[in-house]
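One chain, chain A, links the two complexes that follow: it is found with chain B in the first and with chain C in the second.
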Partner chain A sequence: MGRRTVTRAEAEDFLYREAMLLDEWRLDEWLALFEEDGRMEVTTTDWNGWDSSSAGAFMCDDYGLLKARVKRLKSRKAHAENPHSRTHRMISNVIILEQGDETVWVAANFIIHRYRDNQEFSYVGRYEHVLLVDDDGLRFRLRRSIPTAETMAPGARLSFIL
Partner chain B sequence: MTQLTHTDPGGTPNRSLVHEDWDALTFKVHRSAYRSPALFQKEMSRIWGHTWLYLGHETEIPNPGDFKSRTLGGRPLIFCRDSSGKIQVFFNACTHRGTVLCRHSEGNTKFFQCFYHAWAFSNSGELAALPGDEAYADVPGFKERHRLRSVPRVDSHEGFVFIAFDPDVPDLLTHLGEAAHYMSLTAKIGPQGMQTVPGVQLYSVKGNWKLAVENAMDGYHFAPTHNTFVGYLRETGFAVTDDDQYAYDLGDGHGLLILTGHNGRIGMVWEPRFGEGEKERTAAKRQEMEERLGKELAAEVADASRILFVFPNLLLFDLEALTIRQIEPVEAGRTDVRAWQFVETGEPDEVRALRIKTMVSFVGPGGLATPDDIEAYEAVQRGIEATADSADPAYDWSDMSRGMANEKQGNQGRSIDEGAMRSFWRQWSRRVEGDGTPGA
Partner chain C sequence: MIDLDEHVDLERGVMSRKVFVDDDIYRLELERIFSRSWLFLAHESQLPKSGSFVSTYMGEDPVIVVRRSDGSIGAVLNSCRHRGMKVCRADVGTTRAFRCSYHGWTYGLDGDLVSVPNMAEGYRNELDMSRWGLLRVPRVESYKGLIFGTWDAEAQPVEEALGDITFLLDTFLDRRPGGTEVIGGVQKWVMGGNWKLAAEQFASDMYHSFLLHASAWQALAPEGADLSEMVFPSVGSQMTSQGSGGGWFHDPTGAGSAVLGPVLAADFTDPAVWERLGEVKAGGPIGCHATVFPNFSFLGAFRVLRVWHPRGPHEMEVWSWTLVDKDQSPEIKDAWRRFASMTFGPTGTFEQDDGEIWTDLQRVSRGHIAQTVDLNYQMGIGHEVTDHPDYPGRINHVYSDNAARGFYERWLELMKTPLRPGQRGNATARAGQEVTR
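Up next is the complex of A and B:
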């Protein structure tokens, strides 16, 4: 395993498919894109490259919390997402930052439009993911979203997966 | 959003927007209090203009020259530590023509220089450099008259820095009253003190600021609103209960919920999701706290979670871990929120990581619980448009009478009643609807 070269096209396919799963609220299939013990972070807007274990964040889910988040979002009692937001994700500027033995570091830009309560919210940011490279594909070891805004705009909460 | 003017509620003994009747056991708030732009301006002037406001924590600017720029009550400010180590709070406007002096959100500097005409001020406020000063008469006098404008009052309690735009407010400790004690309890958790860390949650909600206060003082919403979070805790092996939890009116609008059954407390009350390793450390930490504080005080600090509201803009969440939340009203239907993780100085890395993971999983716009609170504020803000100027004026009032019968019998109000909200609204009414003087 590992040691095979991951092309940008393969990384793009992975990210596009992930975006589709999230836009379609296929959250169990989305969770399966993580390795066991995979993590997810959404950094705060003052993020300066620090490790999420030493500073605040918008999200820093270990695998247990990720599972809890998916379970919650599938519940009708997740009021902030019942009814679900409609989301529309655009992903571009995909770059392979570094290829390691087991993992590949991938960066991309995103724009997510979210619609709820007859209002529109835009989320602009960057992904910096660490992906585990398997013979049969890629999986998240660390999925990190970095919002670009100086502060989250009015109503632009993070009740969905950024 | 349409702007609606407040109409006379009608059929009521007076024009107040807060009606309290201990015979009928009713407490009602008129919904224009959340909607009216005119009332918002009045709040800004009568509350934000004339009381102590939470600005920030001393540990945000630990070193000489550190600064943060921050808007409070709509006024841009510089919160800094000068070269001698003293905390200074300046209006962030050049004394020359009013340009925003410091356009960075944070940093470290000896001088703040205005880009427009290059006037430079020291971090203690002196006008240090004035290009082409030969064109001014009496340069030393001119410089003295144009030193950076300080906020009239600055004081701190346990590292929490407050300011007032009115020079005549009473002393900070007088304002804090009983709330000061609960801030002190929280400050005693860490043997080396407490501090903020970077990673500040900056977000904004489409709801009136008072909805954010009500929500924090409202234990009644916890079970239904946070159904999924309670379910998550149960799966980790912790059963949430609302039994034997009480709300306290700390006077002058300050409120407190003491929560014994909602969660563990990292280092103080163990629960399974903290992991086995924490069990032993929690016992050792309790011993350390008892040696340092005495058994009784250690128990008061450690045993129960607390949500403290310091009127009008500070919420201190002392729960699984700690968050300082500052609310900054922007307009009647919009509130900016700033939240800092508050941690024990010098704690082990793995505890710090656990603390942040645990707290962020609950609070903030990306947590498993706060998004549902935000949904609540925003749904109220939209919903109260429905009854504005309705044919029957009675429709346009919100009810906050829960627990009044119990309270009338002289019992301590429960956290799942609405007593803490009522004490907040009483103070709001005194401030906004009274003659506007403190305590009136």
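Up next is the complex of A and C:
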């Protein structure tokens, strides 16, 4: 058992708050949800459980790259997100998969509606996160987003945070 | 027939954007550019053993690239000779045969038809199976790990056809004795924009790099660095030859490579690599940004290869590979993989902004009035040299349209030259194209 038990409600609160920060483009607060050395991955649409070092990642940022990505997104010269995408995130089916010593594995389903440039996209998928359990809350050790689509629709560039 | 000279005047350095939007021009490209140029198919490391295959495209035609039983590499049109269905529906894999899912015609690794269901009852054993194999790509050849194919049986050998661009390719493929390998699979996505927008940009356009991509450079700059104090290089060269081309700055260890971070910068500028490549190549071309005519591009300092598959005049399908030195440690390879996906690819902080531009530029180009206003390809016109002491091809300043003009010169030459009668792909003279194998 870990240092304390994480309930589904606590995991849901964490994920809902994260979704709100992203939808409101509060990227510095979002980055603060990661521990130092936290990582983020978005798997490719043909991903088949492979280790991310062999194949299958649209995004595989370590903490340094993640900080750089946020820094760029905040720039008005990040043309692909200026103006910003409008996103609306729905999160459900939250499950605690496993509680370890200092971490908890959480899975959830997501639908992200995104509007930009007169186009409309829906991104459907699943999160499988490894969260660090602290006395005062949860933080991302690994944030992994697994799109369900067989292919990304033409124009569905992943310039926002999936 | 379209009068291409009316739309493209390279002596004056002007061009109509009609070439990016016109359906007839697009169809002619599939015939006269893609049916006879050497096209990049795959990297040898993707086909490790007999029976390994990958699916790809030559223009809009799907092909399968296969490692055959004797270890050689071949390619066939991915279309059953019976009713035309794809015989291979996987992106990548290993197999002993390709069996069509419609009626079960089955082909060996070399494309020969080896089995036809109900041969006796249906065909009365009268079908000459030797005449109904998959259509072979007549020429498949490799250059330092890169596999190319062409439908032109009489094309010059690939190394000759690549010509001077091997000078730049070698800085990418021949850094270390063990050669290169693909890491992290192939990323595939569709972007708005004509395929030539990307091909000409990678060949020639270093002009946009620090402006359009300012936010990405800034974000990746070393901690605490103030970009306004970073001096971006303005000294460099650009070469073009046989439609291919590329550009580079003369100080690849400067601001550009600072964004690699210490680990990758140390690999990029490893003294052993520099010694192997020699002072001339290591002093600039090693960091190049280049296109091999018509639609294969690479980025030296980002370890990225890509193909811009044509998908109608208005879209391109991008296929992207990260290529690392085989001799390098797993940690360094992994760091290159992360850096490549952070910069180029569907989530790439550089490429997102290119996609934004190409999508919008393509939209503007649909306008009737816009098509009557010429675009400017005049940068550096008349200042080329063809006897540079260090570099092959036609050379100009890194900030020029030299390689873009070279790209469209080759494009125009091919577009105005019909395929030989009897050559596969000749749409106006099909005689002689009957499959004899």
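The rule we apply is simple: the second predicted complex is superposed on the first by the 159 of 162 C-alpha atoms of A that agree within 3 Å, B and C clash if a C-alpha of one lies under 4 Å from a C-alpha of the other, contacts with A are read in each partner's own complex, and residues count from 1 in each chain.
Heads up, the rule we're going with is that a contact is a pair of C-beta atoms (placed from the backbone, for glycine too) under 8 Å apart; a residue touches a chain by one contact, two chains touch by 3 or more.
As the structure is a computational prediction, the values presented were derived from the model and not from experiment.
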For the overlay on chain A, clash or fit between chain B and chain C? clash
Give one of first, second, both or neither to describe whether A:59 is in contact with chain B, with chain C, with both, or with none. both
Applying the touch criterion given at the start, work out whether A:48 contacts chain B, chain C, both or neither, answering first, second, both or neither. first
Looking at A:79 after the superposition, I want to know if it touches chain B, chain C, both of them or none. Which is it: first, second, both, neither? both
Check whether A:150 is in contact with chain B, with chain C, with both or with neither, and answer first, second, both or neither. first
Quick check for you: in the superposed arrangement, does A:159 touch first (chain B), second (chain C), both or neither? both
Chain C-contacting residues of chain A that also contact chain B: 42, 44, 46, 53-62, 64-65, 68-69, 71-72, 75, 77-81, 117, 151-159
Mind listing the chain A positions that touch chain C in their complex? 42, 44, 46, 53-62, 64-65, 68-69, 71-72, 75, 77-81, 117, 151-159
Looking at the complex, which residues from chain B come into contact with chain A? 105-106, 197-206, 225, 227-229, 231-232, 235-236, 330, 334, 336, 339-341, 349, 352-353, 356-357, 360-361, 364-368, 371-372, 374-376, 378, 382
Considering the complex alone, what residue numbers of chain C touch chain A? 91, 184-185, 187-192, 212, 214-216, 218-220, 261, 315, 330, 334, 337-339, 341-342, 345-347, 349, 352-353, 355-357, 359
How about chain A: which of its residues touch chain B in the complex? 42-48, 50, 52-62, 64-65, 68-69, 71-72, 75, 77-81, 117, 150-159, 162
